[in-house]
């Protein structure tokens, strides 16, 4: 039996080099009431921006993680998202354009996933507007699969980024200052941890072949969101066990204990359908329930993906009243909507 | 220097285009499979800039050449920063910008300009990337290259010899990344599993220096 | 090069026979504020139901199409969804239990996708409550891939089912009578058409092997939503062309012409990520734009799926003011939310 | 009749379980790949019902046997409707319910009861499914089976001969679905591509009748 990793590339594309711009054009065509695209800069902007007097949130990164980030632009979340090529950080020019476009006079928060490329490019962009626009930046680094940051580029920014964008976005929408919005983002990042696994690899369109090979009964544990190989390889196991592999390190790293309340986010990597994601959520819920940790809020679906990779990640965020209130606050973006 | 640099950038772009699949394959093993694509995009953009520019055919006076060279290095650096993305964009871009700064000061010879520029590039990458040798990055090619070039220069080598020394050291350095454990960049996430693979950034650096050595060796 | 159809089964499951109940348990664990599960009957119910005085909407079908139908239970959409085994219509007992559970005294509408199994089982269920609860039923049959209904079981119910559930749900929420809600559902079904294609097959968990085999450069055109093979096989083509294969028959079947306004729904089959679905939406938008047909509303995402199948379907719904108003009306379900 | 029916249902359940993968494979070719799974589930449920029931060991008087047989057929039909799902659930379920009705009226012989029951089953499926022979469905096994059984009965055959005739005809009928173009059920969506495959429902019907013939043939 062969693997179920995709081997031949079969994608809904015209020319590979047009995938990102055409996908952005599709986002705009589908949601003209929410977003508009700065096509030359590959930046997704709030249709009604810049919002005067509001702190603006800018994020961005390589494409291939949709709906992150462009699908999270809109009321209560991001003001702009910069789209790089697939799995390649955007360049400082894009971030500069985004920062200038969204500035409403109250400052701009850059939400940056911790990857060398993203960090360096956002850093350069901040330098490009220094003295003109007040910019602060938060680097998300929630991936517990990366253990010793002494010997690595530091923990990667993964699932918690979605939660930071939502919650800091709500804080900004509620009139928070740049310092307050930044503090909220830092707080969410500090209170959240993630870990993921892959059942299949994925194909970077410009590469045309899978980034890694997995046997028919193999699982790659501790993956990031760029199709990178993970930390170790395991045999395929019942979803209860696989969920345990992800939940355990998170619970211990966060120091969660009986009586704690969390937001549980079961994220699809792109190719895993909802029927399975809800089965995984059921496993996570049973594991947490068994430890007396209650799930006060949840999110289930493909929100931060690796192209068509099959697999899932778990993110847990320790909640307090403020975070619950900000999570529940209205949001109206292509990919997350409620309360509006 | 300016004209040789233009020639180098054009040949380098061609070579990186040809080597893109191989570099990407290296990045698939321990990264995210885009390094070849990224470098190809960046150097094509440099060539497009060169094509679009009214480059003064040959600016004779040494002072003019120094300025033109520094400007060209700066143009290359900015173009890389604006088009490559990923980790390599800011790192290579900064390398060229730092080299421009070093060259702009004026150097006694082309060979000295090359060595100083390469040293500045290495220092710039290390500062931006918070990295040093032995971490399985492009620095493992560039730092030894700068060291070998400095040694060749001090031993009285001409520009061809100095650049050849740099290229040889870069290739050896790139090869030496194979047994290393990555502690910087994406490969570091693999931990022990990063061992046994050549670093893509070190490999592209070695390619760039080999192309330069080849073109300088020619009369 | 091998095909990228999944060959070995790699899913997030414990025991195959527990997938559906555990996935339902996960749905409930994730959205206790919206749904509750009648586990013995595998029925998803509105948490706040039955809603007295409101016409209730019941749908259901085989599992494997998530979020359809359970993910559409909630305010403004369904009151109950019956989950069968994967790709197997539920049984009349489930539908009877659902119908009894949601009845708020104003009658119950059954929304049935046109498949022999679904139709027969819902028909039997209606007989089981006849004389006790007023039941009407609407059979969706929007799939233009099935051409001559004289020689077939009739057009299949596919993408338009999502739109019927949303729009008839809004009509019921607005206080429509059973006759009015039924008429709205009939109207939507009549005004909508769909067609889909697959880039890969999918694996029914209990079968363990792909339902059909596709070559590495082959596309199955005119598929349903059960992993059935389609009407014909084509070579993989640019997404613009593939979108044209789907849009053309719909436009001509609906008789759309310059000046018409539609809701355009680009649906993912389960394994195709959003970056590609938005690229496909861009193609659809260009094709319609070229014919002077305007997209007044849109929906993009995996809403009626075939497990992990890669591919997409297009549904176009001719809009009028009433349909736009009902589409925009508040909805609050696990999978579709706005305006609340 | 009752006890023979119990025995048949048990053996049939075992056989359908064994044949489930093959039936599912047939359904993968022209349907959705669940027919074997569905039938297996339904007949296992019947066996579970039988196991749970206090079945009177052997009810001697003919009248009692008729009632018990009809009740058992009704139980089987209801169980199939409640557990199989898909198209096959209501269709097979209705078949058993109709057979129960036909048997309940009382028949001169077991053979006659079988023929009348099978005819009623076929009619029930056709009415519910709005289908007839030649449409590549279970009816292409069941209708010829009923016809052959009627002929054997009229030719004076005993119950073993009558059921054997039905089983033979069902198997021939199932085979004869191969070249047919489906116009009912899921396979009809395939149009011309449905040709060349055996219908899963016709195949399960043939299996059920063959098991019955085998068990009846035994002394």
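Assorted remarks:
Going by the order they are written in, the chains are A, B, C and D; count residues from 1 in each one.
Note that contacts are C-beta pairs under 8 Å (C-beta built on N, C-alpha and C of every residue); 3 or more make two chains touch, one makes a residue touch a chain.
None of these values were measured; they are calculated from a predicted model.
Here the CA centre of subunit B is 77 Å from the CA centre of subunit D. With centres set at the average Cα position, the gap from subunit C to subunit D is 33 Å. Distance between subunit A and subunit D, defined via averaged C-alpha coordinates, is recorded as 55 Å. With each centre defined as the average position of its C-alpha atoms, the distance from subunit A to subunit C rounds to 28 Å.
Residues of subunit A found to touch two or more other chains are 86. Residue numbers of subunit D whose C-beta contacts span two or more other chains: none are found.
If you draw each protein chain as a dot and join the dots that touch, you get a simple line with two loose ends. Under the contact rule defined at the top, the touching pairs of chains are A-B, A-C, C-D.
On the subunit C side of its complex with subunit D, the touching residues are 62, 84-93, 115-117, 120-121, 123-124, 145-147, 151-153, 156, 204, 206-207, 209, 211-212, 224, 226-229, 231.
Per the touch definition, subunit A reaches subunit C in the complex via residues 1-15, 19-20, 22-27, 29-31, 63-64, 66-67, 71, 86, 199-200, 216-217, 219, 236, 238-240, 242, 264, 266, 270-283, 285, 295, 298, 300, 302, 305, 307-308, 310, 312, 332, 334-335, 337-340.
Considering their complex, residues 24, 28, 30-34, 37-38, 41, 81-91, 128-129, 181, 183-186, 188-191, 193 of subunit D touch subunit C.
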